[in-house]
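What follows is a pair of complexes built around chain A, which joins chain B in one and chain C in the other.
On to the complex of A and B.
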């Protein structure tokens, strides 16, 4: 077990209960996803497990040993990419990575190599002499990542590393994380984007209001809910009576309109697309587009909490 | 070592501000030097413009006045305009002999002679000392049964004989020019330390950066100690640079016992200023605000505590406010050190008191800083 949180409760001084009896475990070698909406307590739990924040009860272990603020031996094996970019504006890209790497690696030659590697990893080599002020958000995030990983830690924690990043950079970051994982690092990845978590994480914990509401692999989570399929039909003349009409199909448990789009949700089992098409044809209902979607983590979240992951 | 290197790297990138301040200072310093005669020899050629008010008007006091003609040119200025005249250098010295001065001498007492000097009065010093000597000699010889005329000519003789010897035997040098330089240093130290040190400290302030550093093998305590040490080095560095410049400009004044006291005073002044810079960076998060603080504090403090305008010319009310500011005691101390003719414990007492007051301010600022920082930290948790 690389990380173990046991019944951790954290209340901020202002009285906000950010973590409520939170428990989860991260196994060696996996990419562990912490998924939850804004304000669900992801950053708080990361800060607690890094010994950066005090909490009133519970236990936290890292690499099998109790974690606390003065366990510098444990901290030295952890790489952290914080949610808010933490770099020195007075230092260039290279100097920043060199500084953070230098906190762990004293040997000059080795450090130089590691810094080069980290810059290469995030494709920032050509920006080595640029100051952070001059970098775009995406480049800055990449610098932030390079600062966190340069010393080749065993455990790397990414706290929403892709916020405000264009899709291309995002994919690169995700690919990079997978590569780090292949090279042997255990990864904790927090995000409120379910697609990212689905894409890279081996094991996922879904959080809401400081609690774990579900956990498992991507497949396990999706299998755990009754929802099986979402069919969306764009109608040219939406009518209220259609809701009932399609609601009668076998396995359908919910129908509603999203603007002019009719949403039909069915439980697990075989697909309802043929049934829907048949009714459309029978009744001569005019429609534009028709999609079918298999369950997402959003459906998991929706089914458990009754609200969307993202509003 | 990593943090140490980082500190100096960040300093280096902010060093332009320091450089500009230094340049301005050096230029001002050079102008200053050119306006002053360079050694004591030239003092005696140029006579000092003084106002001499003799409320006693006896042969003894008139004797003093005529003896002083060696060094002085007498001016007539309305009583209400004396301070103004001093400030604009129309006169360099104002002397007022109190009524009953001669009578008191006979009774065995020296009444204090009112003396006011202008802001730039290097030459006035010779006169004030001559006046002191004259009254001491008169005090010693007055009851010898001579008539006043004989006494006055005897005093002249004695003074002439002593004049040469005493220049050599004096412990406290005439510091007037260097005191002006040291007073001015208060402005520069405030400006430099607040704008440079606070701006460097600002780089270490963001919570994310702090947390990021906490994650490494460096504890918060160690980090703060390294920063404190570096800040101290930098503060001392600034001070040394200014002192070296002072020594180059006024070697004969600074490399003396009194000059050493001036340097010690400047060293002590570093502490409240550094503490203030910590307070500033704890209170404010923006580089612009901090740089502005550097300008406002250094200029503002310097104006009201007598760096630019001598303290005796300042309004009572302003001085009352000035007493809540450490540079007041720094400047007052420089002036006091200049006045001391003999460096003995008795004379140094007020100087030591001012040292302690300055250190007290440092402590006060540190306490406020710690309080504010603690408060902030609680909010973050």
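On to the complex of A and C.
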């Protein structure tokens, strides 16, 4: 086990309970996703895990050893990419990576090689002599990552690394994380973007209000809920009576309007698209688009908490 | 060494740091020079009012007091009527005399109300008198009358007065004090470097500090390296200021420039240490800490007499520990003692106290930051 949190409880000074008996484990070699809305306790749990935050109770182990602020041997094996860009504006791209890498790697030649590799990994070699102020948000994010991974840690923690970045940079970041994992690093990835977590994580813990509300693989989580399919139909003349009409279809458990779009939710089983199309045709209901969606992690979250992940 | 070099670069790249460390003191020095330049004039000491206890029959000492003169022929002391100890204490507290002399256990001793130039003159005069008296007692074979006469004659020698008048610099000049004050104040600016270095080490202060805090590097090592880098720059700034004042503006310091530089160095250490300690114990954003540091620096500077020399003595009279815990006070005191006394004992005491205080402050900061866990980051 690379990381083990056991019944960790953390309350901030104003009485806000950020972690409530939180427990989870991260296995060697996996990409572990910590998913939850803003304020659910993801970053707090990471900061406790890094030995930065005080917590009232519980145990935290990293690589099988109790973690504390003075466990330099454990810290040496951890890389961290914080949510906000954490670099020195007074240093160039190369100097920033070299500085942070130097806190872990003392040998000059080895460090030089690692810094080059990290810059190459995030495709920043051509910006090596540029100061951060002159970099775009996307490039800064890549620099932020390079600073956290240059020393080739066994465990890399990414705390919402894609907040505020364009889709192209986001894809590049996610690809990079998968590559780091393929090269042997265990990854903890926190996000409130379910698509990202679904895309890269082997195992997912969903958090809300400082607690684990669900955990498992992507497939296991989706299989754990009764929801099976969401069909959305864009109606040209939405009528209230249609809600009851479509609600009578076998397995449908919820119908509602989202603007002019009729949303039909069905339990697991065979798809209801043929049934919906038949009613539309029989009743002569005019419609534009119709599409079907398989369950997402948002459905998992919605079913457990009654609210959307992005609420 | 690598971390030290990188840290130096970081600090040098900060325009605000460079301005406050290198440019601002020079500008202030220039303004001081322009403002006080035409006030420069030779000064003379005022006559010091002393009294002697009524039970003290010591004609030689009385003769020495009454016959001492400054270079310009003015009397050094105005000796008032002999009074009882209780009466003397009363007039001393009423500030009608600067000090009085009495015997205790056969030894000549004195009592002064506070610290100041007059008090220092009494002390130095008596020290020399006692030294002479002991010397003559050791030469016991001389006739007592001859001995007394020689002692009184020797004390008339105004060599003693020339010495107190800044030893080898006869151009005693009030406005030089302001330049000493400027150097001392610049030393205290080191507190801002202290805030900056702690800001880069405390995880709850910034994301880059957070990143540094999770690295497997000892806080003591980083604190030391960051401190030394800040000191290197801060002291360079102070050296630049001293040389600028001495060689560009022609400010006449006491001749021993090395001692001024040494005091400035220890002052820089103390300034950074004070900032480091306060920034370490205060839980606030860096901007707020800088604001607090401005208030603390100015307050401690004011208490050390940077604006009005007398404030220092008032403050230290009403709260004596201030003499040992106010770094600005110790820095100014070391400069003033260099200026006023040829004897280095007070200067050395100030620097030692300042050094011990700095070590305690830095060590206290380390204890606070070592293995620190935060309530929130």
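The rule is short, and it goes like this: the second predicted complex is superposed on the first by the 311 of 311 C-alpha atoms of A that agree within 3 Å, B and C clash if a C-alpha of one lies under 4 Å from a C-alpha of the other, contacts with A are read in each partner's own complex, and residues count from 1 in each chain.
Quick note on the criterion: a contact is a pair of C-beta atoms (placed from the backbone, for glycine too) under 8 Å apart; a residue touches a chain by one contact, two chains touch by 3 or more.
Because the structure is predicted, anything quoted here is derived from the model rather than measured.
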Would chain B and chain C fit next to each other on chain A once aligned, or clash?
clash
Figure out whether A:137 sits in contact with chain B (first) or chain C (second), or with both, or with neither.
neither
For A:223, is the partner it touches chain B (first), chain C (second), both, or none of the two (neither)?
neither
Output check: A:68 vs chain B and chain C. Expected answer is one of first, second, both, neither. What do you get?
second
Per the contact definition in the header, classify A:52: touching chain B only (first), chain C only (second), both, or neither.
both
Give one of first, second, both or neither to describe whether A:294 is in contact with chain B, with chain C, with both, or with none.
neither
Check each of 7-15, 133-141, 151-159 or 313-321 in chain C against chain B and return the one that clashes.
7-15
Give me the intersection of chain A's contacts with chain B and its contacts with chain C, in residue numbers.
12-13, 47, 50-54, 69-70, 72, 75-76, 78, 80, 82, 84-88, 90-91, 95, 99-100, 102-104, 147
Quick one: in the complex, what on chain C touches chain A?
2-3, 6, 9-11, 13-14, 203, 206-208, 210-218, 370-377
For chain A, which residues count as touching chain C in their complex?
12-13, 47, 50-54, 68-70, 72-73, 75-76, 78, 80, 82, 84-88, 90-91, 95, 98-100, 102-104, 108, 147-148
Can you tell me which positions in chain A touch chain B when the two form their complex?
12-13, 47, 50-54, 69-70, 72, 75-76, 78, 80, 82, 84-91, 95, 99-100, 102-104, 106, 147
Residues of chain B touching chain A in the complex:
1-2, 5-6, 9-10, 13-14, 203, 206, 208-209, 211-219, 378-379, 381
